[in-house]
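You will see chain A twice below: alongside chain B first, and alongside chain C after that.
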Partner chain A sequence: MSATAVAPRPHGLRRRRLTVLLALLAAVAVAVVLSVTIGSKSVPLADAWHALTAPTGTENDIVIRSLRLPRTALGILAGLALGVAGALMQGHTRNPLADPGLLGVTQGAAFAMVSSIILLGASSLLTSIWYGLAGALVASVAVFALGMAGGRGGPTPVTLALAGTAVSALLYALTSTIVLLDEQAMDVFRFWQAGSIASRGADVAWQVLPFVLAGLVLAVANAPGLNALSLGEDVARGLGQNVSRTRAVGVAAVTLLSGAAVAACGSLAFVGLIVPHLARPLSGTDHRWLLPFSGLIGAALLLVADVVGRVVAPPGELEVGVVLALLGAPFFVALVRRRKPVRL
Partner chain B sequence: MRLQAAGVKLGYGDRLIVDGLDLGIEASTVTTIIGPNGCGKSTLLRALGRLLKPQGGEVLLDGKRIDRIPTREVAKVLGVLPQAPSAPEGLTVADLVARGRHPHQTWYRQWSSDDEGAVAAALDMTGLSDLAERPLEELSGGQRQRAWISMALAQGTDLLLLDEPTTFLDLAHQVEVLELVRHLHEAAGRTVVMVLHDLNLAARYADRLVAMRAGRVVASGTPHEVLTEGLLREVFELDAKVIADPVAGTPLVVPIGPLPRD
Partner chain C sequence: MTTLRTSTVSWRVRPRAVALTLTGLVLLALLMALDMRIGEIEMTLPEVLTGTFDVNSAAHFVIMELRLPRALTGALVGAALALSGAIIQSIARNPLASPEILGVTTGASVTVVAGLVLSGSAYGTVSGLLATLGVPALALLGGLLGAAIVYGLAWRRGLDGYRLVLVGIGVAAVFTNVKFWLLTVGDINDTARAMVWISGSLNGRGWEHVVPTALALAVLVPLTLLGTRSLDALRFGDDTVTALGVRVNPARALLILAAVLLAAVATASAGPIAFVALASPQIALRLVRSGRPPLLCSAVVGAVLTTAADLIARTVFSPVELPVGIVTAVLGAPYLIHLIWRSRK
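Now for the complex of A and B:
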């Protein structure tokens, strides 16, 4: 009838979503505490606090400040980036099984890293991260350009997926050739490929930070347009949305976010696939909420999986990429079996 | 003239479907485009709603070239509902209708009391206030179609283009949707252009009919002027009797059979 008939809707829903947002922030905070304190050397909470606020150079201080903190920071960044990128990717393709790797970033980063080792003599994982990032960006641009070729008015989700698959396959073949021929490249590659946030150092987190921030800004700007686009291209155009521009911004955001995460941590694209499925029941179909929820769940999930990897196989550690695959795959199967993936 | 097509050439890729067509839509009328499958009715409607860019000629909205007006400004005047639109699963009626406010929202002002009022009014007008919290997939076909129309209404435009709003609906639901269209026209003076397949319903609910065949306008005018036995033969290759609708007095098509081919 009057405006009051639906007035409770946005307000009640808004309060519930804000509550979820706070709960997710708390979950990330708990994950951070776990990540800082638990490991091959357990650090009591009081010592951890001591190391953060007034370090005096004790053994625990050094463990926390030079190992645990950078590792945790990178976990947050990569989890945020991959969660948001996954939700963007599934929204743009209207495909619940899409992941950020669809744009060729993973194979682009892999190829650039191994070629930098044999061509330029980049010897460590740290120096090759810049190359990996560049490779991810170039591969994604190539996929976008290929997806656009032949069609009018920008690439469609289908042409993007086809181009992404083709470019990825080509780059994978080249990468395999290189690592088979060069032992040093193989060595760097296999550690990178497993997917890990360990032994990266603080400089890596600082390296990827600007890219993740830029990607998050674009993602926020993309959310309302993506809401319109989820009703179909014609409806979105009818609502005054510039569809090609929305797609381009979305692809740029996915590229920056997943490119940065993958270059720094290896292939963890699986996070981008499952996290939106965890976030959607909490957020509904509104991307203005789905994107932040996905980011926070991604960060918490990545940190917790990393902590699990530190304790399951003492005295060694399991790479977080392996833990995620081992835990995530059965979980995803259960999710798919329990109720079919939603139609987007 | 609210909306005008002047010598438009329309097609997809190299295939031209409409080659030089002129059409004018008067303010505050319900115009229905009829014609056999593949004659270019939907293509024409998409061009009128700037969803399809003409390869030649121009579309004018209130006398101005529609492609020179920012698309968001067009969206404040002109609403388009494409054929058989699909929504993501779990989207509620209220959320769908709220998305009709998209052209009025900016990144810093996502939801205002104007939006609130427009959504409530649109739900009320389509009789969906009680179903506002229901997910779209739980609704009947007729209710779902009303929800989409409600979204277009929340957009707040006085010009509406509807592409086959009655597809996949049974007769009762078709009538329900068309009564809503008539109400929008009569209560608020909205200008409506729609594509319909059912000739008898088209005749009953339109002020003006436009009959198309093979990308050309064959006839346009009041239902009485357009729906003649001669036109049915020419446009639909259908042998039929046209009698007066015993309820509304509008032309009623009673098919006899396809024209014998020679």
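Now for the complex of A and C:
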């Protein structure tokens, strides 16, 4: 929309987008440095470099390698995943209220994790990450099948969104029932719900990495088809798109990306909801640009919010999900107020 | 489609909507009669009838002081939330919109959870003034404050439906996460109690909850129905509506105010029963087959859904009572799914 307003030469538009892309990459790099060096024990940049290149087992080396690096890696992965998944989800449903959790992913993961605590006696979040992932996958497949059945020749945005909401509400209700009847499950659940990337070891980041990578590949493949779909399903069909297949690929990407992020970090759906709205004024409605912009903004935002959470409430920490909402939402509201929103 | 005319105004009436609304009311009456029978003291229907009118019987106390106010609160709260949801979904032209994006239910959740968690004692239940007066007052305050914030931030030379939705998302996100954070801060017992409230519960509701909700509905339902014509026009987008001669902003502002008040009063009485406001209008829409959520029919669907849910909430895990808000989702979600499923043709 914004691109057609003054009809810039395509060349200038492309250059502007490349500049923004570089700026966002730089922002992520800065966020990584902040995330590695700042915390309850702040580490000088030189020591951090030392820990990365030639660790000798000093205290700073251990802090960096066993705590800060996994945490930062997980932050990047989750931010990327949720940002991209959010943009995909809003594109496919053409609804600004859509977040990756709309496919039932978040509540599916929550239900599976809480059930595993009750039924299998899993005692912490980290042993149940696989259950979370499985729950997310099953829930989103169910939602997609329903949305598929509700529409003609493929899921329509409205049926998909409504089916997702209905399934999510059902799963949330079941989770709440368990949580209200079992105190230990409640204790785990409330921290999962707030969302955090702290105190997960490097193995968690490695566990979710393949899912995020696979999701990103699917997302990239999905972008051109999504552009055609945003002209309306009939036009997309006229352009030779296989609408059902495009939707299926998109849903698979969202499921892999947000399922992995949510299972590892808890409920951070807010990233997926807000980040695409931040990215859209920069990228316009072209998903080939919107997806990478959303991913990078998501990663930078998540890392910065995590760093802020470490320093605002010493000696404790504030969960990253809470900080994100407190930081990101006012910024988002200001942005929405300042300019005419780029509509889906 | 039939039309009612007086000398100055004409009104469209859909026979299908009227029939469904009446059927819903009959169903509601049946459910409430069932609700009167069940509980710690089981009664037969004749016993319920004699008990209701015989002032001296033991059944009279049980029905008039315990069961009837609770059932009425459920029905009224369900109707108010559903009506509020129908208005918001029509204005935002978005089936996913609910009082949540107006900041009402989320605002109320923050103030109440803060009240319960921060003032809470680790022992026993919240008692005295806080329980009877404090929680509803906190909820009303939080709900209205939340709505004022959303409305104030979304207003910029008029109110754009799309901007309202976006601002609503942002504010709701802040409130929701503050709520989550408060839940992690508190003692686990306070957290459990707060969880019950934010799920929406009808446990121990009395006449003091019935009266305000009934009053709000009595005033706001006619007002909202007057606004039906504006709602029909608002479906077409601001520019078209202005061209049609509807004064967009005043009409929309009034309707939003009505939606806010309905949701705030309902939340103060029974907590944020989230799914009712979202699903009832969509269920009614599919039953009536109209272009936007039908108002009265949505309200009746909301009342039936909440009453049926409370009936189940009281009996399934008896003597443990589930929060009604949980059961509304278990009951309403599959039905909505069924309707979506059936609509494929």
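Just so we're on the same page, the second predicted complex is superposed on the first by the 329 of 344 C-alpha atoms of A that agree within 3 Å, B and C clash if a C-alpha of one lies under 4 Å from a C-alpha of the other, contacts with A are read in each partner's own complex, and residues count from 1 in each chain.
Heads up, the rule we're going with is that a residue touches a chain if its C-beta (ideal position, glycine included) is under 8 Å from a C-beta of that chain, and two chains touch if they have at least 3 such contacts.
It should be emphasised that the depicted structure is a prediction, and the values quoted were computed from it without experimental measurement.
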Next item on the list: Go through the superposed model and pick first if A:165 touches only chain B, second if only chain C, both, or neither.
Entry: second
Note to self: I'd like to know which partner A:104 touches here: chain B for first, chain C for second, both or neither.
What the structure shows: neither
Margin query: Which partner chains sit in contact with A:224 here, chain B, chain C, both or neither? Use first/second/both/neither.
Written below: first
Notebook entry, point to check: Of the partners chain B and chain C, which touch A:336 in the superposed model: first, second, both, neither?
Noted result: second
Check: Among the partners chain B and chain C, which is in contact with a greater number of residues of chain A?
Finding: C
Next item on the list: Across the two complexes, find the residues of chain A that touch chain B and also touch chain C.
Entry: 152, 343
Check: Inside the complex, what are the residues of chain A that reach chain B?
Finding: 1-3, 5-7, 9-10, 94, 152, 221, 224, 227-228, 230-232, 234-235, 237-242, 280, 284-286, 288, 342-344
Notebook entry, point to check: Can you list the residues on chain B that touch chain A in the complex?
Noted result: 13, 46, 49-51, 70-76, 79-82, 85-92, 94-96, 98-100, 102-103, 105, 107, 110-111, 113, 116-117, 119-120, 123-124, 129, 132-133, 152, 155
Note to self: Touching residues of chain A toward chain C in the complex: what are they?
What the structure shows: 95-98, 146-147, 149-152, 158-159, 161-163, 165-167, 169-170, 172-174, 176-177, 179-181, 183, 186-187, 190-191, 193-195, 267, 270, 273-274, 277, 318-319, 321-322, 324-326, 328-330, 332-333, 336-337, 341, 343
Check: Within the complex, which stretch of chain C touches chain A?
Finding: 94-97, 101, 153-154, 156, 162-163, 165-167, 169-171, 173-174, 176-178, 180-181, 183-184, 188, 191-192, 195-196, 199, 274-275, 278-279, 282, 320, 322-323, 325-327, 329-330, 332-334, 336-337, 340-341, 343-345
